[in-house]
Structure formats: C-alpha cells, structure tokens
Amino acid sequence: MSGIPVLTLLTVVPLVGAAIALWSGKHARTVALITTLGSLALALFVWTQLPANGSIGLVERASWVPSLGIEYHLGVDGLGALMVVLSAIVTLMSVDAAHRVHHQPGLYFGLVLVLESGLFGSFTALNFFHWFLFWELSLIPAFFLIKLWGGTRRGPAATQFFVYTMAGSVALLVAFLAVFVATGSMDFPHLTLLASTGELEQMVTAHLGPVTLWLAIGVLAGFAVKVPMVPFHTWLPAAYAEAPSPVTMLLTGAMSKMGVYGLLRIAIPLFGAQIAEMRTPLLVLAVATVVMGAWAAAQQKDLKRVFAYSSVNHLGYCLLGIFALAVPVAVGDAGALANQAAALNGVILQMFNHGLTAATLFWFVAMLQTRTGGHRGIDDFGGLRKPAPVLAGLMGIALFSSLGLPGLNQFVGEFLIFRGVFPLAWVAATVSVLGLLVTAAVMLTVIQKVFNGPVPEHCVGFPDLHHGERMALAPVICLMFLVGLLPQLIVDTVNPTVQNLLAHWRF
Amino acid sequence: MSVVFYLLAALTVAGGLAAVMLKNTVHCALALTVAFAGLALFFLDLDAQFAGFAQILVYIGAVAILVVFAILLTKGSETPKEGVYSRNWLAGLAIAAGVFAVLGWAVLQSARVLPGPEGTPTATPVVTVLDIGHALMGRYVLPLEIVALLLTAALIGAVIVAMHEKEGAK
Amino acid sequence: MQETISFAPHLAASPITGILWLIPTVPIVASGVIALLKQPKRKTAATLAIASLSFSLLLSLVAFAHVVAGWAHGVAVRETVNFTWIQVGTASVDLGWVLDPLAAVMLVMVAFVGLLIFIYSTGYMEHDENFTRFFCFMSLFAGAMLGVVIANSLLLLFIFWELVGLTSYLLIGFWYQKPAAAAAAKKAFLTTKVGDVFFLLGMVWLFAQTGTLLFYNNGAGSLEFGALKGLLAQPGAWGLTAAGAIGLLIFAGAAGKSGQFPLHVWLPDAMEGPTPVSALIHAATMVAAGVYLIARVYPLMQAGALAGGTTAALTVVTWVGAFTAVFAALIAVAQNDIKRILAYSTVSQLGYMMAGLGMGGVAVGMFHLITHGFFKALLFLGAGSVIHGCHEEQDIRRMGGLRADMPLTFFTYAIGMLALCGFPLLFSGFWSKDGILEAAKHWTVAKTPFYLLVFGALLTAFYMTRQVGYVFFGYWRGKKPAHESPAVITVPLAILAFFAMALGLIGTPAWPWFRAFLDGRAVGFDWHGFAEPGLLGLMATSTVVVFLGLGLGWRLYGGQAPTPEEPDVLEKAAPVAWGWLRDRLYVDELYGVTVIAFYWWWARVADWLDRRVWGGVVAGVAWAFRGWAQLNQFLDNNVVDGSFDKGCDELASGGGLLAAVQTGRVQTYLRILALSVVALAAILIWSSLP
Amino acid sequence: MNPLTGYLLVAALLFSIGLAGALTRRNAILVLIGIELMLNAANLNLIAFWRYGPHPEALTGMMFAIFSIAVAAAEAAVGLGLVISIHRHAHTTDLDAMNRMRG
Amino acid sequence: MFSIFHPNSGSLLAFTIYLSFAGALVLALLPKGRPGRHGDQALARWLALAVAVAGLALALQGFVAGMGPNHAARVTIVDLPWVPSMGIHYLLAADGISRVLVLLTGLAAVAGVLFSWNIELRTNEFFAFFLALIGGVYGVFLSFDVFLLFVFYEVAIVPKYFLIAIWGSTRREYAAMKLALYSFVGSAMVLIGVLAAYATAGSHSTGLIALAHAGLPVSFQMWAFPLVFVGFGILAGLWPFHTWAPTGHVAAPTAASMLLAGVVMKLGAYGCLRVAIGLFPRGLDPWGFSFIGVGSWRDVFAVLAVVGIVYGALVALAQTDFKFVIGYSSVSHMGFVLLGLVTLNQIGVTGAVLQMFSHGIIAGLLFAIVGRIVYDRTHTRQLAQLETMHLSRRLPFAAWAFVIAGMASMGLPGFSGFVAELQVLVGAWIAKPWWTVVAGVGIVVGVAYTWRAMQKAFFSDVRPSAHDLEHEQEQPFATITWPEVTGTVLLAWVSLAVGLYPKILLDAIEPAVKTLLLGGGQ
C-alpha cells in the first residue's frame, strides 16, 4: 500500500466531493455524506498505518519551490493522524446534522467539504508553506458558512472571525518568514531538529539580532487567536453563536484544534526556549482561559454561547497542559518526564475528546432549534425529559461528558492534564480546578433549565429523536463511552508520538 | 566697393523704403518687386547665380504676385480713412532704428576684426548647378526633405485656410 | 491502634478475586439493559435489577466467606488484581480491584441493604410512571457503589465515586418536573463536586509523588510502605507533610460526599428524591462512601503518626466529624419534615463516623458505618412506609397516633430509632457509638470532641423521641386516615430491624469480632473486654445520656404533640434559638450571600470583561483603523492629490497671467521681439568686446 | 572698407526698413511685405557670408539661402492665405482691429 | 527577412510588438461601424481578439522556448543599428523577467479584449488604441536599448490617454489629463536621467547592458538613481505620486483599467528595476550619514513603498466607491513590488517581479468584475447602493469570482499573490525586518478592505423584502456572457496555477534577477 499517496488522496477526496456537491443541487447532502464516509475510512486507514515508534509515517515528499524552501512534504504521526480522524468524524457528524439546508445546498456542502480538505491538509502538512495554505484555506469556507447560513447577526460575526484570525495569521506568517530567512528552511521536522540543538536561535540571532522572543510571540499570537486563548477569544462567542449549528460543530470540533495542533507542531518545537521564558504569563493566560471561559459561560442566555464559552474553557485545559510543559525540570528526571508525557497525552486526548463532545453538544442544539423553530435560549425550554426522554438522555450524556464525568471521554484527557500539570505548575493546576467546578455548574444549569422542571406550553408535543437521529447519534455516544473507558485505544498510538515529540523538544 | 554695389544698394533700399512707405498698397507691392529684383541682382553679383535666379523666380514670380492677389482680394488698395500707419508707428520706427543701430554697430565693430579689404583675395568660386544638385541630394538631403514636407504642408494649409467654408458647416 | 498491620504480603489472587469485577459490572450492565427497555416493561426492569443485585450479593457473600476463611486460617487476605489502563510515556496509569476485609464487609453491607431497598422499591414506586428508569438508575448506583468498594486504585475509586455522584444526582432529581427536585439535584452534585475537585487535586498530587494510584501493589502501591515513606519525606503545605496535605485534600472529597460541615448543605435537600433513594444513597451507602474512602486511605492519613499519636490530617477529620455531629443534631431538633430529620440525623451520624475514624481508627468508624447503614436504612424505609401510608404527607405535625394504624411499621421504626439513639445493650447503635465515644475518651489531643459527641448523643435521643412522639403517638392530625403498607414494604423493614439489633453482637467489647476481622487479628470471646479501664463507666454515662434524651423527648412530645398550627413546645420556650435551628442556622443563606453571590458576580465580571473590555479593545482597534483610514483618505484627497490639483491650478493661473501679456496685437509682439533681439545682440556684442 | 561690410550694412538697412514697415503699417499685407523684406535681408547676409567666407566651396551659405527662400515662399503663401481668410471673417485687414485672438 | 533575426529561441517574441501595432493599424483603417449594427463591431472585436490571442500565443511560445537547460538566459532577438552616430540600436532581447512580463501582457490583452466585448462606441478605434497600447507595452518589456525603451514607453502613454478620455466614465478628462501629466513629468525625469547617463558614460552606446557596464561614477549614480526611480515610480504608483492611479483606474473603461493596473503600472516598476536599478546600482549605496534611520535612497524608497502599502490599504478601507477600493488596492500592492525591488536581494527582487505578474492578473480580474460584470448590470459602483441589491443571489457568478479574486488579492496562500508577497516579505526581512512588520500590517488591512468591499457589495446582510424580490424577478440582470466567463476563468486559473506551482515562473525570473543583481547587465 505504500505506493499510494494516501495523505494526498485524503486531501483530494473532499475537494473532488466538493466539486461534485456543488453541481448536484438537492443531492448534495448525499454526495457529502458519501464523501465524508469515504474520508473517514481513509482517515482510519491512515490511523492504522502509523509507525509503531511514534515517528512520522506515510511521508510524501516532492520538490515544490526550492528557492523558498518549499516542499510538498506530508506525513502524520499519532497527533496528526488523531486529528485527521477527528476531523473526519466531526465533518461526518456535521454533514449528518445539516439535513435542513434548503438554501443552496450544493454550495453549503461544497464549502463543508472544502473545509474538511483544509483540515486534512493542515493536519498532514510538514512544510510551513503547505501548512499555511490549508490553514488559510479552511478559513474561507468557514467564513462563508457563517456569512451565508448564519443567524441574524452573522455579518459582523463572520467578519470579526475572519479578520481576527487573519490578523493572527499574518503575525504568524511574519514570524515564520523570519525563521525562514534565518534558516532557509520551512520544513517542520528540519526546523524542529535545529531548534532542539539550539541552532535555530543562534541562526536567528546571527541573521536578525535578538528577536527570537518576538518571533515566538508572533507565532503564539497566530495560534492564540485560533485556539482561542483569553484575551484573543472575543471573536469566538459571536462566531459560534451566529454560525448554523452544524457549522459550529466544525468550528469547535475541528477548527479550534488547528490552533492547538499548531502550538504542538510549530510553536513548541521551534520556540520552546522562548515559551519557557514566557511561561508564567502564558500559564496565567491559560488559567484565565479556563476560569474566565467557564464563568463567562455561566452568564450566557443563549445555549450556543454557553457551549461556545465552555469550549473556550475546555481548550484552556489544552493550553494549560502545553504551557506547563515549558516549566523547567531537572535534566534526566524520569518523574518529570512522566509528568510531561502525561500532560501531553492529556492535551492530545483532550483535543480529540473536546472535538467529539462539543460537536455533539452543538448537534443537540441544532436538534432543539429545528424542533422549536429556532429557539435556543436557555430559558426557552423546560421539562423536555418528559416529551423527549431519549433526546434528554443522550444530550445528558454529552453534557456530562463535557463536565468531565469519569467513564466518559473528556475525563481522561482532563485527568491526565491535571496529573501532568500539577507537579509541574501546581498553582496553575489548583486555580484551574475552579474551571471544572464552574463548568459543572453551567452544565447542570443547562440540564436543569432545559430538561427539568415543568413543561412549558410550546414544548408540549416536542418530538423525541426519530430513528435516523438515534442511529446517527449512537456511534458518537458509543465512542464517548469507548474512549472514556478504554482510552488506551487512542493512547496506544498517541503515546509513542508523545515520547517522540518530547524527545525532540527543547525548552 | 564697386559702383555696381552702390547702385544696387541704392535701388534695393529705395525699393524697400517705397514698399513700406507708399500709401497705395498696390504701389507698395510693385515697390517690393523692385526691392526683390535688386536683391536678385546682388546675388548674381556675388556669383550666386542659382540663388539669384531662384530669387527672381520665387519672389518676383510667385510671392509678389501673391501679394498683389491678396491686396486685390481684400480690397486693400483703398486707402483707409484712419490712415495707413498704426497708432504706435513712432514706437515702431524707433525700434527699427534701434535695430539698425545695433546691427550697424555690430557690423562695424566686426569689420575691425576682419582682415583688411585687400587682404581678402576673393577668388570667384565656381558653383555649378550640378554642384548644388549634388549637395542637395547628398549632404542636405534631410533638410531638403523637411523643406519639401514643409512646402507641402504649407500648400495644404494655405488652401484650407483660404478655402470657402462649406455652407452650414458652422 | 496498630502501627503496622500484618497482612500477608502477597497472595495469588484466588478465583473469587479474579471475578470480583463482576460485582459492580453486573448491576451496571443490567442498568444499561434497563435503559434500553421501554417504559411499560416494569416487571422486566425490576426483575433485572433485583436479579443482578442478588447476583452481586451472592458473589459478595462468597468473597466475604473467602476472606473470613482466610482469616480463620490466620491469613489476612488482601488480594489484588491490577492492570494498566493507560500507558503514558514510560509510566502507566493502573487500575485494579482489591479484596480485603474492609472491602468484603462493605460489599456485603451495600449489596444486602441495596437488595432489600430494591425489593422495597418495587412496592413503593409501584405507581410511578418512570418505574423502569428508576430501576435503571438504582441499578447503576448499586454497581457504582460496589465499584467504589472494590477499587484498588484511587483513580478507579474516583471514577466510581463520580458515577455514584451522578446517580445520586439523577435520583434526587428523579421527579424532575418538580423544580425543587431539579434544584436539589443540582445542588447535591455541585456541592459534592466542590469536595471532588480537592479530591482530584489530592489524587494528582499523590500520583505525581508516588507514581501510582494503586493502593496495594505488592509493596509498590501508594498506600504501602515505600510510597508512604517518600511522602513523609516530602514537605507539603502549611507545615503538613505531603502525605498529610494529600490526605486532607482527599478528606475534602470525602467531606463532600459524606455531608460533613461545611459541605453538608446538599444532603437535607436531597430528600426531594424518592424515599428508597434516600434510604439507599443518602443514608446507608453513598454518604458513607466518604467514610469508606477515609478508611481506605487510612494508611495515608495515619502516616507519620507516632505510636498512639495522631496526625494533623486525622485531627482535622476528628474535629470536623465531631463538630458536624453536634451541629447537625442541633438542626435536626427543630425540623418538621420526617425525612429531613432523618437527613440531619444522617449528617450527624456521619460526623460520628468521621470522628471515630479520626480518633479510633478504621474499625471504629467502619463499625458505626455498618450498623448505621442498617438502622438508618430501616428508619428511612420506615419513614417511607409512613409517608406512603399517610398519602405522601411528610410533615410530622400532620401525623400522629400511627402506632395503631401501622403497627408493623411502628414496631420496626421503633427498633431503628432505638438503635440510632444508642439504646443500651440490645441495639447495634449502642455498641458502635460506644466504640467511638471510647476512642474519643482516650484521644490524647483534646477532650472537647468527647463532650461534643456525648452532647450529640443526648440530642440524638431527644430529636428521635420527638419525631416518634409526633408520628406514632398522640392523635391523628392528618386528613385521610392512614393505612399499613403491604408486605413488600414491611418485610424488608423486618429484616433490617433484625439486623439493626443483631449486628451489635459482633462489636461488643467482649467479642470485638469486627475490629479483629478488619485488623486481621485473631479474636476470641472474652468478658474481660468490658474490664478495660473506664469502659463500664463510659457505657454508664452513655446510657444515662440516652435515657436523659429519651425522657426529655417523651416529657415534651409524648402523647400530646401540638397541632400543625400551634408552635412547638420548645419554640414557645426559646423562639429565637428555635428559629435559628429551624432555619438550619442559616448556612444556606450564608452560602447564598457568599459563595453563590461570588459565583454570579464573577460570571458577570467575566461576561463584562468579555463584552466590554476585550470586546472593547477589539472594537477600539477596529475603530482606530477605520479612523486612520478616514484620515488617510482625507490626506489623499486634500494633501497628496490636493497638491497635484493645486499645482495644476497654480499653473493655470500662471498661464492666465501670461495670457494678460498676450494682447493679440501682432505688432506688439513683434516690437517686443525686436527689442529683445536688440537687447540680446547688444549684450552679446558688448560682452565680446575686447 | 571690407566688401563684406558693405553688404552687411545694406542687409542691415534693408532689415530695419522691413522691420519698420512691419511695425508701423496697419494693413496686414504690408506687415507681411515688411517681413518678406526682413527675410530677404537675411538671405543677402547668407550669400555675402558665403561669398566672402573662408570655405565658399562648402556651399553652406548658399544652401541656407535657398532653403530660406523656399521657407519664405511657404510663409508668404500661408500668411497671405490667413490674411484672406481673416478678411473674409472680419472684413478688415486692419491689425489694430484684429485682437480677438487674445487669450 | 528572417535572417535578421537571431536564430535562437524566443525570437518570435518580437512579433508580439509588430502584430499588435499591425492590428491597431488595421483596426484604425477599418470602415466605421454604424452604432447598433451588430456585425460591424463584431469584426473589430474578433480581429482584436485574434490579435491578442496571437500575441498571447507568441508570448507563451517565447516563454516556453525560454525554459529548458539554458533557461532564462538573455537572448537577443533583433539588434540593428538605428542611429549609429549616437550608438542607438534597435535592440530587442528577452531574459526571464521580460518573458514573464510579456506573458502577463499577453494574458492581460486577451482578458482585456474579452471584457471589452460590449464596447459599442467607436469600437474600431477603441480596439486600435487598445492594441497600440499593448504593442507599446510589449515593446518596453523587450527593449534592451534605453532609448528604444523610452520610445515604447512614450508610445504606450498616448493611447492610454485617449482610452480614458474617450471611453472613460467619471471625470474622465480630469483623470486622463492627470494621468498624462503625471506620466510626462515622470518621463521627463527619466529622460533627463538617461541622457545624463549617456553623456556621462561617453560609451557611444545606449544599450542597457553597455550603459550598465560603463562604470558610471558613484556620485553621478547617487543623483541619477532617485531621478529615474521616481520617474518610473510615478507610473508604478509610488507613494506619494500615486494619486493618478485611483482616479485613472476609476475613470478608465474596464479594459483600460485592467491594462492600467495590470500592465501599465508594471511598466513603471519594470523601468525601476531595469533602468534605475540596472543602470545605477550604486545609487542605492548608503549616503554615509543617516537621519532617523534613513541612510540611503534605498531606505527612502523602502519607506515610501511601505507607507504606500499601508496607506493604500487604509484609504481603500475608507472608500465608498467599489472601484476606488480596487484602485487603491493597486497602490498598496504595487508598494510590495517597489519594496521588493529595493530589498536588493535575490528573493526580494524575485518576489517583486512575481508580484508584478501576480498583481497584473489579480487586479485585472478585480477590475473586470467590478467595472464590467457588476457595473454594467447594476449601473452603480457605490457600495451603499450595491448593499441593497443582494448580488450574491442575483449575480452568483460575479460574487464567487470576486471571492476568488479577493482571496488572491489579500494574499491567501494558494494564489499567486501569496507566493509573491511571501518572497517580498522574506526579502524585506533580510534587508530590514521592520519593513516586513509594517508591511504585515498592510496585509491585515488588505484583508479588511477586501472583505469589507466583498461583504458590502455581494454578501450584505440586508434581508430582501417581498417587494424587493418581486422587483428583482421582474427585472433580472443580464445573464453572464461567455467572454466574461472565459476571461474570468482564464485569469483566475492563472493566479491559482502560479500560486500552487510558482516554480513555473520562478525558474525564469530567478536567474535573470541573479544576473541583474550581480552586475547590472550580464
């Protein structure tokens, strides 16, 4: 099978699907479903083909623009492959959830598939140029999906989303250009190698003077916006709230992971030492992301905004885990290495789990909306457990997953993050548990207001999940349990990658 | 300085003076012809036969006739009641006198630096029409072409300017 | 108290240990199956739940027998099965289960009480429309609780711990249409969650320090010597060792679940759930899980204690427990809801258990836990029977004289009540409470807890007498006449009543079977147990106190309880104090103006920061760019481009000036020309003159 | 006196007469006549310089004169054409009356 | 007659010039079509298209022929003595830069004809001027003699004036005059500089290469460089001499704006590179002192370029007229070209040349959409009015074409603009990092204005009322015609292709830039 360029195929399949979907009008959703299913199969195939030692596998490499150090360089390790699988799952869910697109369905599903291609591309790229291409490519369809199918205040939301992210991207780009100028390379593995020996900083200093810290800040800014990290997150609630729910699933489920992925693939490997210098403010921001995200969610009245802020909160744990890695430890300290490995494993698991859970939550919001003609205020419902017990039960599972109930998927990641972070930065970890608490309060409030209490008049006769929806949700819910109970399924592949990554990072 | 020179000079200057001073414009034109003829004779005297004959042909044969035609066409022969001289004639005269003074002064001044009258043996240069033809086709071909173009343009221009405008074109 | 407990270092896991995991798994699976059942399949659901729990009970008994057998052969059984859950880096996160006397005793208690309550529920919940759902949750709870019991890993324990919390949440909010129930469920979950995050912190700390979360792992577990030694060497915070600090963090989790002050507020509200739930979860098992947790990690709490001494962690546990015992008992005095009285009583008794653990060790606390499990379940079920019989009436002021209408219930309830009060000799509560009091008496740190606990015992007897007086004596003050409950309800009551009495036999000073069993020591019957110095005096004291409480109660409430409209006897005597107690000493209100207000204040701050500050900064930047853009355009139109246009205009006007010279008079031009030539020529010549 | 000087003086005189005519007469045709005289005076200069110059075989002066004659012819033609055209419009050849071109 | 051509690759390139002028001549001589008679104009259109396509084919052939083992070497096409006494030669040659720009001209010409398909007024003359302009542009890009270059340069300016003055729209005389004035001022400066160089060199040759090798004294270069650079820079939209550009672009007919932004501005940039930098490389040397960080002409022009980038973008952000947005965007994007040029390093200059090509394509596309596809149907360019028209629904083709063009314009990866700007930024990093940082701000603002214009024009949030819908159904817009589709697709694909595989052009540009930077000529 090695002859087939699987990763290229992975990127191309959605694009082809998008082209077909564009012209297939009413049948676009079917086309999209088939394409995303195919993509998922390919992604799972990729997952199975990873090298056992955690190094980068399935490499494809060809010359592209040699003078700029640009290569067509693809490859995945456990991290990339997991993100590919997650993207495939989330896109499939999103397409499945979007069965009420009446307005230009061809375009809608075309854009969704282009977005998927962008996700795949950026998770498999190993060259900055290539990566950046897909990183930006994913932005365009996302923008239009919000802009054209969004809610009443979609215009400003879409613009803010776009311009904000682009501003971050430019900062990232400029910083990376400096790296290229200094090293003449845009290849991630190569640059990682340079950074791990400290050569990168020497080269940058030799070429440009002592600006490495600024470059690190530039790169971080790009990712901080995407993740998003407080205070770069203000685009997020509006964008998530105004986007149609299936699109929000994509935004939170897959796109926000691009930022975390970027931190792991680019920022940390290249600028580990600089991030280590800045670790205290960064940890403060990470904690602020966790805590303020959760608390801001508490104040929201719109379900989508609630989940949007809770996404900020959950991604804050990823940031916490990542920045805690930069806390200096004694060389050769096996315990510290174990802590770091735990944190990093946790971060990666959290990326996957949050993607799955948050996407599912927004899916449920979509269902609530379609059933009540667009209601999604937290006070618009009540007592739904009575008319719709299955919906209530399944959404309850998703909500409990989100608040980190053990046995469900999100707990594992959060546990590992705390387990790793606590010994590295116990103050940050301790303050961050507040986030767990507040998130729990928020999620329970949602349950209380939406599912419990007396049934208001307009919710009488609220239809429960129909058969198709149950069938569609079942695998997702099962996956939540599966990952929650047997995380080793994922960690088996991720852990070698984590060790491999840690071995190549230098703080 | 030969007698011929003085005679020709007198004739020419007299013709010129008459051409600008006479009241009747037709007379002026005729006096102009005299001045032209005097100049042509000067040219011949100076061994520039070709130039002399060209002077006769072009000026006396063409320009003078044109002037007469123009006078007739514009009924310029009638003496206007305001007088033939413009209001500022005195100033014009003074300026002309000034010009003459400067020019004359320049000539006389330069005469001092020139070699003496006897010191310039003036061997008559033999210039045949063939020589002139060779020169025109050789060294002066570009000016010749330009002049040809100019003449053509002038021809066309004169025609257009003098042509009656079409009825209702305006 | 023993410094080292001589458990067998290693035993090959016996077959029963190998399948121990089935004990929690079977009910959980049954719960899953019931979840998929349709609502009308009531019988199937109940059958499944009861069958699965019976199976668990059976296995538990086998396991118990195995442990007892091993003990009988002089071997303290501690068998573990461990496995790797996640491989992280080169380290691993391990889970496992353990079979030792502590687990075995608890297994049997939970499974047995649970089974009885299940059976009881089939009658009690008969007419509920969500009958199947009820059994689904109950079954899940049973499984999770059994999981907590057998966990050999703090993480696994935590996982089940949270699951238990979840089912508690689900069951408190079982009647979800009632806003009060929904709110109570949320409150319960969140309050326990507060404890749980500390538990989580303690857990990760422990993990980070010892590299494992397994309790016992052939010497490599976190509760075993090597790890504890490391923990003691490690400084923690506030003068504690790491072991102490971790222990306290874990205790915070236990305090949450076990309703210790100040996290007790959820437990009385939890009575919004169906009565069997209150009996099972909020009396017998789950709330006791905190006590069980402390018992489980006792080596950690105790680590570093000198012979006969105590540790900072245990001191805290003691004080919290003792305070809670009195505090809750005081509140219980002034409650009128039959279940609420029991709830505060539970809180109070949990305080006893904690204090017992803190002062007397595992066995003391655990013994009270077991006995309390039975008699409190009995009381709750009895209360349920009363409520059932009184047509869902819960206010004791609207009952009365029920001993005639519901004789069986009265009889069993009285047994439970006497057990709770610690009526001498016959009832298990007497023995278990005496154990605690004895430990308190011998506590070297302070004597106050002893007095507190004695006072608590007095109060216990008093409020229980008050309750019984209201409910079963006097005359009927309700509307519809009450009726006796069916057999499916009364039979479990009878069984529980039997155990509420009989269990005391295994913990008498003469035959301290329970303690010996837990400690792995041999035991024999010996009257000399009573001969320990001060023991008889203590028993006498306690007896006096109990009778004092009973008498006082009877004096005030025996026979002529007031009507609902009338103020209580004590209220007339001391209205202010009564009001404070009735309003639960305003702890909820205190939280309302502190924690909850803080929560909402921060939520608003976060939202405000987001909208106004960060959003404002973004808007400001955008605005600045817009403004700058406008400025630039202005510059472009008026300065850059303007200068061009201006230049053009200047040029044009300059042309106009020049045009003024152009008179149109040809001769003028000519004149000027001529003059210029003259001037030029003159200059040229002049300058060339020698 | 140098023979050249005489010719130059005559040419200067003739030029000045032409200039005086051009500056003093009202009639446009007579102004043109004056200009023709000025041109002819220049031609006389050219020929004279040629004749008495150091390199008469180079024909330069003569050629200039010939071209000048040609140009003058063209000038006359166009100038007179203009005069006629203006007269047709304005019915006058009086230059004092002709100042409508002023900007 | 072919013997006078050097028998080497790319010699056919010269025919792009001749063919265009011949086409212009033929079109000028065609009988005047009567307005309304369709057939009359059709002939002119097809003829113009044929000429443009033939030119493109020749350009393409020349480009392809230039690839290969000796790719991008400079080849002489024609070298005839013209004014021998002054050493002026009719010298046409092509190196990698020329080939790329000739190719751009060919593309712009074809697209321009396609987007002028509906010109009814004096069609023949329009296309005649159009082709004359194109011929002049071809000539500039192929001239390697400085006077010949200058002649073609001037030839190109004249038709431009008429195109705007006759077929233009808003304030067309003003715009045309402004353009002409600016151009002539620039030309004058260039002429002075070049003449001075010729005189100073004393080499009796006006060949670019010869002059470059003449060893002009540094002190001379020091003042000649800014003179010539500004002279050409005016046409390249150098801030603050850029104001002709927006007004000119707006006033010009679509095809002319496309050429103006797409090609004519490149003439200026090309002149800056080939003449100013090529002849006076030492003019960029430091002065020996510095004032607020500016220590050489290079710094001065870099500052102007960077200011132009940000300033143009900001002003574009403030526009209310759709076409002005695009007009100012050209100023901003040309700032990148100029910035790339003064980086004076391989990457930066290569990027500048690539940006010339890229901007030529993208600006052409933008003007085509705004000026032609949209304006011809809506008859307004005011964003406020367009906002009420729901164009994304009524003109989806235009909307999505603009999205693609906008993406390319704002420098999203995958399109040619990104690669070009990337290289310029890299070059600027190498030269002076803060240039890059400021230019980065320009990119952000670029995103903002493009997106703003796009949203306002096409994707407004105003929900249509029932009345609007009825009105729209009654008066639908004219359908998109095939020339519009063809032109759009052509340009979009070129941008995409170059963006995805820039090597195709870079292979040609890089060696040429290298030689140019090494020694002025070769």
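Lettered A, B, C, D and E in written order, each chain numbered from 1.
Assume a contact is a pair of C-beta atoms (placed from the backbone, for glycine too) under 8 Å apart; a residue touches a chain by one contact, two chains touch by 3 or more.
Note that the structure is predicted; figures quoted are calculated from it, not measured.
Novice: To get from subunit A to subunit D along touching chains, fewest steps?
Specialist: Minimum number of steps from subunit A to subunit D: 2.
Novice: Mind listing the chains that sit against subunit C and also against subunit E?
Specialist: Looking at subunit E and subunit C together, the chains touching each of them are A.
Novice: Walk from subunit C over to subunit D along touching chains and report the minimum step count.
Specialist: 1
Novice: Pick the pair with more C-beta contacts: B-C or B-D?
Specialist: B-D
Novice: Find the most central chain, measuring centrality by the gap between its CA centroid and the centroid of all protein CA atoms shown.
Specialist: If one averages C-alpha positions chain by chain, the most central is A.
Novice: Computing the C-alpha centre of each chain, which chain sits at the greatest distance from subunit E?
Specialist: The chain farthest from subunit E, judged by C-alpha centres, is C.
Novice: Whole-Å distance, subunit A centre to subunit B centre, using C-alpha means?
Specialist: 98
Novice: Subunit A to subunit E: how many Å between their CA centres?
Specialist: Roughly 42 Å, centre to centre.
Novice: Express in whole angstrom the distance between the two chain centres, defined as the mean CA positions of subunit A and subunit C.
Specialist: So the centroids are 32 Å from each other.
Novice: In whole angstrom, what separates the CA-based centres of subunit B and subunit E?
Specialist: The computed centroid separation for subunit B versus subunit E comes out at 56 Å.
Novice: So which stretches of subunit E touch two or more other chains?
Specialist: Subunit E, residues with two or more chain partners: 448.
Novice: Where does subunit A touch two or more other chains at once, residue-wise?
Specialist: Not one residue in subunit A touches at least two other chains.
Novice: Got the subunit C residues that touch at least 2 other chains?
Specialist: Where subunit C meets two or more other chains at a single residue, that happens at 667, 671, 674.
Novice: By the touch definition up top, name every chain pair that qualifies.
Specialist: A-C, A-E, B-C, B-D, C-D, C-E
Novice: Which residues, counting only subunit B, touch subunit C once they are in their complex?
Specialist: By the definition above, subunit B touches subunit C via 86, 88, 91-92, 95-96, 98-99, 102-103, 105-106, 109.
Novice: For the complex, which residues does subunit C have touching subunit E?
Specialist: 625-626, 628-630, 632-633, 636, 640-641, 644, 648
Novice: Given the complex with subunit A, which residues does subunit C contribute to the contact?
Specialist: So the residues of subunit C touching subunit A come out as 35, 84-91, 93, 133, 155, 158-163, 166, 169, 173, 176-179, 181-183, 185-186, 189-190, 193-194, 197-198, 200-201, 204-205, 207-209, 211, 599-600, 602-607, 609-610, 613-615, 617-618.
Novice: Where on subunit B is subunit D touching in the complex?
Specialist: 1, 5, 9, 12-13, 16-17, 19-21, 25, 28-29, 32, 35-36, 39, 42-43, 46-48, 50-51, 54-55, 58-59, 62-63, 66-67, 69-71, 73-74, 76, 80, 82-89, 91-93, 95-97, 99-100, 103-104, 107-108, 110-111, 114-117, 120, 122, 125, 127, 131-132, 135-136, 140, 143-144, 147, 150-151, 153-155, 157-159, 161-162
Novice: Can you check the complex and tell me which residues of subunit E touch subunit A?
Specialist: Answer in residue numbers: 346-347, 350, 392, 403, 407, 410, 412-414, 418-419, 422-423, 425-426, 429-430, 433, 436-437, 440-441, 443-444, 447-448, 451-452, 455, 459-461, 501-503, 506, 510.
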